[in-house]
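Per-chain residue numbering starts at 1, and chain names A, B, C, D and E are given in the order in which the chains are listed.
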Amino acid sequence: MTRLLELRDVTASYGPVQALFGITLDLDQGEVVALMGRNGMGKTTTIRCISRLMPHSGGSLRLAGRDVAGLSAPKVARLGVGLVPEGRRCFAPLTVAENLTVAARPGPWDMARVCALFPRLQERMGQVARTLSGGEQQMLAIGRALMTNPRLLVLDEATEGLAPVVRQEIWAGVRRLKSEGLSILLVDKSLSEIASVADRAVIVERGATVWQGGIADLTADLTDRYLGV
Amino acid sequence: MLLAEQALNGLQYGMMLFLMAAGLTLVFGVMGLINLAHGSLYMTGAFACAAVAAATGSFWLGLVASLAAAAAAGALVEIAVIRRLYARDHLDQVLATFALILVFSEGTRWLFGSFPLYLKLPGSLSGAVVLPGGLHYPLFRLVIIGFGAAVALGLWWLITRTRLGIRIRAGEADREMIGALGVDIARLYTIVFALGAALAGLAGALVGTIQSVQVGMGEPVLILAFVVVVIGGIGSIKGAFIGALLVGMTDTLGKALLPGLLSRVLDASSANTVGASLASVLIYVLMAVVLILRPQGLFGARA
Amino acid sequence: EPVKVGMITTLSGGGAGLGVDTRDGFLLALKNAGDAGKQVELVIEDDQQKPDVAVQIADKMIQSEQVDVLTGIVWSNLAMAVVPAAVAQDKFYLSTNAAPSQLAGAGCNPKYFSVSYQNDNLHEAAGAHATDAGIGKVFIMAPNYPAGQDSLAGFKRYYKGEVVSEIYTQVGQTDYAGEIAQIRASDADAVFFFLPGGMGIAFMKQYAESGVGKPVIGPAFSFSQDILPAVGDAALGVRNTAQWSKDLDNEANKAFVETFQAEYGRLPSLYAAQAYDTANLLLSAVAKADVGDADAFRAALAEADFPSVRGKFRFGPNQHPIQDYYVREVVREGEVLTNKIIGPAMADHGDAYAEQCKM
Amino acid sequence: MPEPKLNEPILEIRGLRKAFGALLATDDVSLDLRPGEIHALIGPNGAGKSTLIKQIVGEIRPDAGSIRFEGQVIDGLGAAARARLGLARSFQVSSVIPDFTVLQNVMLAVAGASGTVFRFHLPALADRKLTEPALFHIEQAGLAGRHLVPAARLSHGERRKLEIAMALALRPRAFLLDEPMAGMGLEGGRQLTAILSELRNEAPILLVEHDMDAVFALADRISVLVYGRVIATGSVAEIRANPEVRRSYLGEDA
Amino acid sequence: MRETLNRDTAINLAILALLVATAVAAHLLGEGFAVTLATKAAIFGLAGVGLNLALGYGGLISFGHAAFFGIGGYVTAILASHAAAGTPVATLPFTVMGSNEMLGIWPMAMLAAGLAALAIGALSLRTSGVYFIMVTLAFAQMLYYFAISWPRYGGEDGLSFYVRNSFPGLNTFAPIQYFAICATLLAVALAFTAVVTQSRFGLALQAARQNSQRTVAVGIRPYAIRLTAFVLSGMIVGLAGSLYADLNRFVSPAMLSWHMSGEIMVFVILGGVGRLCGPVAGAAIFILLEHVLGGISDYWQALLGLLLLGIVLFAPGGLIGIVTKRGRHA
């Protein structure tokens, strides 16, 4: 099994403010890894570095064995990283259909499969994203990422704002994607769901990896200390 | 009869305005970039056409040159300047493109001298034709109507029906995100900006042919083009098209009819001056009224 | 001690051509004068065709550079901004072009000379010519601003036929389809228009395309050498009025046209000729009087004792020219378009405002 | 204004209707908010919950129906006027002033609610009438120590907390909270549950939320909205037991 | 935070001090024209400060502030020319006499500009973004064309009044004394802006710029806030227009043209949007460049353009941004 993603002591800053102080993370082909931590600890920043939405300032960040330091964000995406960003970021003036096709790349995921996963999107195909309900936008963001047919799906709080049934569907979907061999990096707050799908977890605290291990080893003591539960 | 001819003139002027505004619609309406140097690209096209037509004797080669020169200038400007400003405030774009106006104007004067250039219609397009109804109408003005309609259709198709168009609009909505999805938006924007510039250059060559080719010719065009785009609603090709026709009609008919109307209440001479004054602000009145009633323009989605 | 002259003219932007010709004509006269030309020290500044900038340059020339004479302004609105204040500060102003009516009538001043004409003159000459040519009905047109209004008034002053329609266009307008339609529909025998700069180029081209074909008359501005090449064949045969033409038969003019072509590689325009005359007038006065002695210097200027490229030249009581005006026709000479005098329009003509001048 | 009697609803919505084209986003909705209660509004995505809140606060105009607040019909009032009357809302997608610090954001809420923004001379940052309450609510929302950070530099969860702090700072007569738990994280969610539980004594809360743990822990009453219609209203137990709600919304594990 | 505040204050004071020092030095060296240039910088700076209130703090990108500049100028010229001629400006509904007292003219100029801003703002503020830019431009263009073709006060030729208006106890004709007047008014406007932008009103104004949805949600009507700022801004620019008219003793429709609006905007952007003294620095540099480059070549405007380009590209946040080494939204 090849190592799909490998972060070693990654550091990064927003201007003068350092946000990451040493993130270490491994993700193997076909693996599902959960990135966990309290608010403001650096989960999203880590993901932004992986997608090259911001440069990292130190450490190494390798994707499928390639150092991403010299790559642009579109390059990384075309190497197979499908991002569902925090806060959805659908293209507001575009219709649902346009949002889905805008960055689509050929592969098993197409319009029909996405609509099968989220029937709600089918209903709203011609509506512009700006007027979608929050949950609909979330589905759209996931669908949009799947349409790029990624090797690695990155979900940053992808179930936020979804109704419980839909959330269950999405988790079921994630499990299905996993069973099909897709690699997934996810951030979420639902411990029980994470436990049901993730292989491993990485916990960050103040911008640094403080724990990394199998999901089974995530003890109540750890979650209490680092997640406040 | 006169009224019919004036209505045709209004239509024709509207088409001419649309041609002038087409590049701006693309760059400003769709990419969301405030490009004050639009008029400079228009001027570049006109000068390139005049220079090449003078050197080769062929208007058509000149037309090709206008497209090429403006597109090249556009691409250069995008890569050297505009590209660094997408992430910035709109206001930085205003300052940068204002600076570009100065550079273009004086650069052109340096290259071509201070005097207006000669550019004339090819024989095949000059002269008047007789329309049904016995109206004599310059052929070239009909050609401009044709060009305007073709550009409108082409743009509309490009923006709404092609993936390139969808990507441009997505890029305008969230540039970072479209990049994160694997679309090389930087290259795309260079292409679109160059295309917008080429359209401006084409308009400059076509319209310059029956107007004057001189430094500063782009400035009134800039304002008019903005008026057209804004009345129609930013981002809408259809809006720009209808806005252009509306402005063309208002302006032409206003000039033709106002002095006559006023002469019923004023003496002839002051009716003429007052009428002309009113006519000259009419399009601004139109714009203000449209925007006050519909703050997002006639066909604009965004406020 | 040389006389210090400040030239304020338009050297950048769309109107720069006129300023460049003004400057070049003036410099040529100084050069042709040889050593005498060294009696004039010239400072030149670009007014960008903005009145406020012109005012500030004038202030600077007067306060810091202590010039004795100002000159060079092309546009009437800039002249109105600069001249009254300059003469109030006891500087001479010699106009190379702009000569608005206010400065010819009640606003005249002993220190202000117009070496070109009075603004209305060319239009008056056109009116006189239209009358002489027996044109019974005319369609007249000008931009809607003071110079435009003066122009139509000037035309009508000497035109005895019927004005069938009088139209004011927008300042800066470039499309004249609407006006041309009105011309076509009117029963006028001819069209008189005053449309300076690019406006005139656009009108003439569009008029030629329209096939209306009624004869056109205008003041020289739209047919001057600076823009004639840009108008092209559309201008061929058009009658226009001016106080000067490159083919005027006198020694001074021959020398001027020849040296101008040799020096700058192009034909001189009306503006160049006017500036050339202005410089020579100045030199003639410098030779006779000290600029420090204002009265003597003024008297020397008023004598107008210089070889004008116009041949005859003298000043009227309001220090504006009394001179001959000609009808010219646009012709092709080999490769280039230029003007040829075809006859007189008015002789020894002054202006309509001199009576109001109390000096 | 007549003093509302105890237990008379503070907010009364009657027959509200809103269509977007062919879509009926709000279909004849009637709803009450009574003093001291947390009234949860749940329903599938796109059911019209946020649309309802937007109509209550005056951001969008209903096509039909009427809203009464503390006995007064507010249909004719603009959004700002309603906010000053004491209707505080939080946004589903955080809506803060990005260049302002956390403190300035909350101060703005304090100043706005008190209707005193047309003061031109006193420096606001030195005005303890603004800073003291602002700092208090910042701490209350769990952002202590972050008050000098510009809002643009907050993480997502921190921004959600700022959203809460601003709602608190309005000291309203009723809260309309649109998914306050979203993005909060486990710890933040627990803290917020505690805050809301206390807050109901200050002013009643209309709570739109998909986090069922929080809803079941907090709500006094629950209304379920599906396709713009209220299909059920009742206690936590009643709603949990409602088969229709289980099928269309809660799913198997509620 | 405290530290950068102090730093900003120091920079602001330094800019003002530099301007005054330049003028005084030029005066002592007998360079009258340099004093005039400094005065022009102060006046344009004042106009920029006015625009900055709307544009920088309020986010109201007005492309029509030349309207207020021109109105201030025309009020001044009309009052002064009537005073010189001894005729009343208006007799209906009540008699308004001309004036050549600055202290009388300024309030009139500000009042007229303020009323115009109220009318234009009330209508324009229904729109936002680029639409706002264009509506404000439209209103200014209407005034511009009106001024060009209305013969009563000179039309395109403009209106001269030959003698600078007077100020008690000063000889306004002496360049340095007139500079003192302008610089003082500039300082007053800066102080006013500093106070207002830090007040509750300023907080609301800046909030409305960044997020009007949120501003409404806390009970503030952005429209009222913006309109107030727009009117204040128009009044300051009107005052600048009055001073500019007096500097040249002349007004013309050029003061109302979109070039003027654009130039004022360029001063603000060049110096740094939303920085107190940004417009002053911007205007001063612009005028200095114009003056210095003008002597270098006929094509100096191209050089000016290149320099401006360099500044935008390499100094986000304008000139003040260079000094404080942080961008606009740091």
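Heads up, the rule we're going with is that contacts are C-beta pairs under 8 Å (C-beta built on N, C-alpha and C of every residue); 3 or more make two chains touch, one makes a residue touch a chain.
Because the structure is a prediction, the values reported are computed rather than measured.
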Labels of chains that are neighbours to chain B and to chain D | A, E
Trace the shortest sequence of touching chains from chain C to chain D and report its length in steps.
-> 2
Which chains does chain B share as contact partners with chain C?
-> E
Taking each chain's centre as the mean of its CA atoms, which one is farthest from the centre of chain B?
-> D
Between chain B and chain A, distance of the C-alpha-averaged centres to the nearest whole Å | 44
Approximately how many whole Å separate the CA-defined centres of chain A and chain E?
-> 50
Just give me the whole-number Å value for how far the CA centre of chain A lies from that of chain C.
-> 75
Separation of chain B from chain E, taking each centre as the mean of its C-alpha atoms, in whole Å | 31
If you look at chain D, which of its residues touch at least two other chains?
-> none
Which residues does chain E have that touch at least 2 chains other than itself?
-> 145, 148-149, 151, 299-301
Can you identify all of the chain pairs that touch?
-> A-B, A-D, B-C, B-E, C-E, D-E
Please give the residue numbers of chain C that touch chain B in the complex, ascending.
-> 12-17, 19-20, 144, 149, 166-172, 174-175, 177-179, 181-182, 184-185, 197-199, 201-202, 205-206, 209-211, 226-227, 229-234
Touch list for chain D against partner chain A, complex | 20, 42-47, 50, 92-93, 153-158, 160-161, 179, 182-190, 210, 212, 248-254
Taking the complex as given, what residues does chain A use to touch chain B?
-> 51-53, 72-74, 77-78, 82-83, 85, 89, 91-94, 98-99, 101-103, 105, 128, 144-145, 148
Would you tell me which residues of chain B are touching chain E in their complex?
-> 28, 34, 36, 81, 84-85, 88-92, 94-96, 98-107, 109-110, 223, 226-227, 230, 234, 273, 276-277, 280-281, 284-285, 287-288, 291-292, 295-297, 300, 302-303
Can you list the residues on chain B that touch chain A in the complex?
-> 163, 166-167, 169-170, 172-174, 176-185, 235, 301-302
